Amino acid sequence: MITMLALLFSIPSFAAMPAKTPAPAPAELLTTSDRARGAAQKLEGLSWTSEVESEEGGNHTKIIYGVKILRTDALAEVKDPPRQKGEVVLFNDRTLWFFKPGLKKPVNISPRQKLIGQAANGDIASTQYARDYEATSAGEDKVQGKDCWKLELKAKAKNVTYDRIRYWVSKKDQVAVKAEFLTLSGEPFKSAEFQYNNSIKIGGGTYPFVSKMTIRDAVNASNVTTINYKDPREETHSSAIFNVNRLMR
Amino acid sequence: MKSFWLLSLRNLGRNRKRNFATGSAIALGFAGILMLAAYQYRAVNYARVYTVYVVHTGHLAIFAPGGLEKFAYEPLQHSLSADDQAALVRVLKEEPEVERFEPQIRGQGLIGNGCASFPFIAQGYDPAADKALREHPQVRQWMPHFSYLLRGRGIWEFEENMGAILLSQGLALTLGKTKLHDEVAPDSEIRLPDCTQGKAQAALDANVQLMAGAWAGNVSAVDGEVVGLFTTGFQESDNSGIVTSVSHLQKLFGTDRVTQFAVWLKNPEKITEVSARIEANLSSQGKTFDVLRWDDAKLSPYYSGTAGFLRTLLIAGSLVLATIVTLSVLNSSTMTILERSQEIGMYRSMGFRRAHLRHLYVQESLWLSLLSLFTGAILGLLAIQGVNALKILYHPPGVAGGLYLFLVLPWAPAIASAALILLLVSLATYFAVSSRLRPSPADLLGGTLR
Amino acid sequence: MAKTIVRLEKVSKNYRLGEVEVPALKSVDLDIHAGEFTAVIGASGSGKSTLLNMIGCIDHPSSGKVWLGDVDVLALSDDKMSDLRNQRIGFIFQSFNLVPVLSVFENVELPLLINPQISASERKSRVSEAIADVGLEKFSNNRPDQLSGGQRQRVAIARALAGHPSLVLADEPTANLDSETSLKIIELMLSLNTKRGITFLFSTHDERVMNRVSRIVHIKDGTIRA
């Protein structure tokens, strides 16, 4: 009944407004924006280099990962600094493993744990928000001078990186411009902004690809972690490299 | 006056029923106080020994400035560097009152069995110190029933580079690591368990992985070998605690620093002067650290909470019992003296001064109290021995496996409480008899010389 | 004329009964001389006991003066007055007032315990002598409950004598005894008065003792009658 009434009253107001771009379905927005953040479910593989730099309490840390993606699997391997070389975070769908050379077994880890600075384990590889979150539309907004769709994301499962995300997707490119990561009670504890100066060729088309993710602590804004994405490219990967047993050899 | 003591003792033979009732109140009250004191004494000492020796707090804990509060957030900035440690070793070795000292690391992370990972809280000890503390005479005396190591062997029995780990029993159960190093064939291959087959797969070997944020900020992990299971004595930490060597945790946290130094003293009563001397000697080496006493509430909240609660319990319980005893004696004395008004009049007529009679009646109460206290002491001691012989297991909240109700009588407080009872009884009688000595002897005799 | 050991000068005593003041003694003058064997005779409520209380220094008069020898009793502190009673006056009570848990010897010894001038050996000899004076040598170690009423009163007399008092006061000493025993007690007191010269002052309403005493003090309505 209430819905009916709302509908009745809303018709005249729609009629009075100028014509607007109809909003794509939230789930569709997630799929499109995920693609620009490394989700490559329809490809034989994708690779890039992530340079993770963190500033926390005056400490500067930098680690370079080589990231390989095959559908929902991902492998992030440390290339630098030399003393951490060979350390690996392996994503088997939503299951994450940490491994370093010399270890007798890999360690099962949570995507929520901090990897470096503000970056969680789950931030390091491809984004699979379409898989992991239920999105609802929360209107429109303007971020970084861009018109955006605003989405509210709620985790579908427990073992995902964040419980709740407030997500801004640009209308023009359908890429994520900003994210606020919220606690279960809805308080933001960190935020991220994205830049898309990379592009990637998939099939015949060229698509924007994330070049920088800047994550800030909501409490202490001087705690900042940036992930610079370099050299994204389509690359064929054998599924064997994503097998956890292979790590121990 | 010697003959007064005899006279007052003989007077106890009068009104035996009342004296028996009063004596019983004193005896039972005193036995109750003794049991309460024995419980408090044992429990406080249990908590003390647990704090100082079992969990390696030491009599003194030395931290980098602010280390106790800030280490958890900024371990690198609030821990002891190699240079700090060298200075500490120099100073502590020179201090004759130091029985033992130990560098320690505390930290947390994830422990994995190849399938799943769970949070752990680690204590990194010097294996030799761990061995010495487990066998310390104080631990044997005050925690005879507490068996820290439930299975396996201590970390001191293994080469340090093996990464020997003791798992708390709850954590071992969660991880499914039921097999210990000694129970696994030496040449067996370590392989990734088939995680779809449940926890049994985790028990194929004694190998675990510890993963944590290294103090420099990166992620780190090391292998560990489960050599034993232990209990912390508390349910909360029994599900997450691990014990390993300092060097193993240094490897995990990628550091040569330590969280703190624990210092055990030969004579803990000298703690204040030794602490001051250590601080002064460190200062002369240009080092300023936080030196905390073991009973500092910030350092040992469990001990200070328990000891405070038990002290309150003892004081409140003893006051209630002492009040009951005193009121009982006051009542009995008042009744006795009222009944013996004519006798008081007779004594006064004969020339007994008021002070003589106060002495006489107070001494009578003292005799009754002494005999009753003696009986109470025997009753209390028998009850304590009985309770100890029964080996009653009780379950205070949060204590893993429960505790044996074991009572140990502290002599000094027992004697002090007996003295207090004697004092209260004397005062009660003194006031009771004093009020009855005010009338003239003729009035006490009933108004006439009958 | 024998020495005066007690002198009452215009001694009055009033008791308060609720709102009313009741006079028990009315301006009584009385001298007791050494060696007298005096009976105070009067009806019940005539003031006999009050008179003895004043003489025995165990109660304060409302007015008047009490002299024990040359000592103004009312000027003394409570402790000094206690010492005076201990050393100069022996008391015999109607209901004996013996300490039940003590033997005859120990009961007789009681008043001597608080006299620091008497040594232990002298104490023993005085007690034995007093017990012998009342003829209870064989009962020295008995307790009061093992004695008859007459024997108990003898113990009380021995106790009164043990301190070698200059005056022995007895309020109705025979009231709780049968007539034969009463007579024996009076005879005992009289013989002690005769042989040892001990001054006795006792109250009684037993007419039979009248011809045994050296002096009779009649008291009626708080006033001594000639």
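In order of appearance the chains are A, B and C, and numbering begins at 1 in each one.
By definition in this document, contacts are C-beta pairs under 8 Å (C-beta built on N, C-alpha and C of every residue); 3 or more make two chains touch, one makes a residue touch a chain.
The structure presented is a predicted model; accordingly, all values stated were derived computationally and were not measured.
Visitor: So which chain ends up closest to the centre of the protein, judged by Cα positions averaged per chain?
Guide: Ranked by how close its C-alpha centre lies to the overall one, first comes B.
Visitor: What is the chain whose Cα centroid lies farthest from the Cα centroid of chain B?
Guide: Max centre-to-centre separation from chain B belongs to C.
Visitor: Could you tell me between which two chains the number of C-beta pairs in contact is largest?
Guide: B-C
Visitor: Take the average of all CA coordinates in chain A, do the same for chain B, and state the distance between these two points in whole angstrom.
Guide: 53
Visitor: Mind checking the centre-to-centre distance between chain B and chain C? Centres are C-alpha means, answer in whole Å.
Guide: The computed centroid separation for chain B versus chain C comes out at 68 Å.
Visitor: When the C-alpha atoms of chain A and chain C are each averaged to a single point, how far apart are the two points in Å?
Guide: So the centre of chain A lies 116 Å away from the centre of chain C.
Visitor: Touching chain B in the complex: which residues of chain A?
Guide: Residues in contact with chain B: 54, 56-57, 59, 61, 63, 84, 87, 98-100, 102-110, 113-117, 244-245, 248.
Visitor: So in the complex, the part of chain B that touches chain A is made up of which residues?
Guide: Counting only chain B, the residues touching chain A are 74, 76-77, 110, 112-117, 190-192, 207, 209, 211, 213, 216-223.
Visitor: Residues of chain B touching chain C in their complex?
Guide: It is residues 1, 3-4, 7, 10-11, 13-14, 342-343, 345-356, 440-443, 445, 447-450 of chain B that touch chain C.
Visitor: Along chain C, where are the residues that touch chain B in the complex?
Guide: 49, 52-53, 56, 58-60, 78-79, 82-87, 91, 93-95, 97, 99-102, 106, 110-111, 113-115, 159, 163, 169-172, 175, 203
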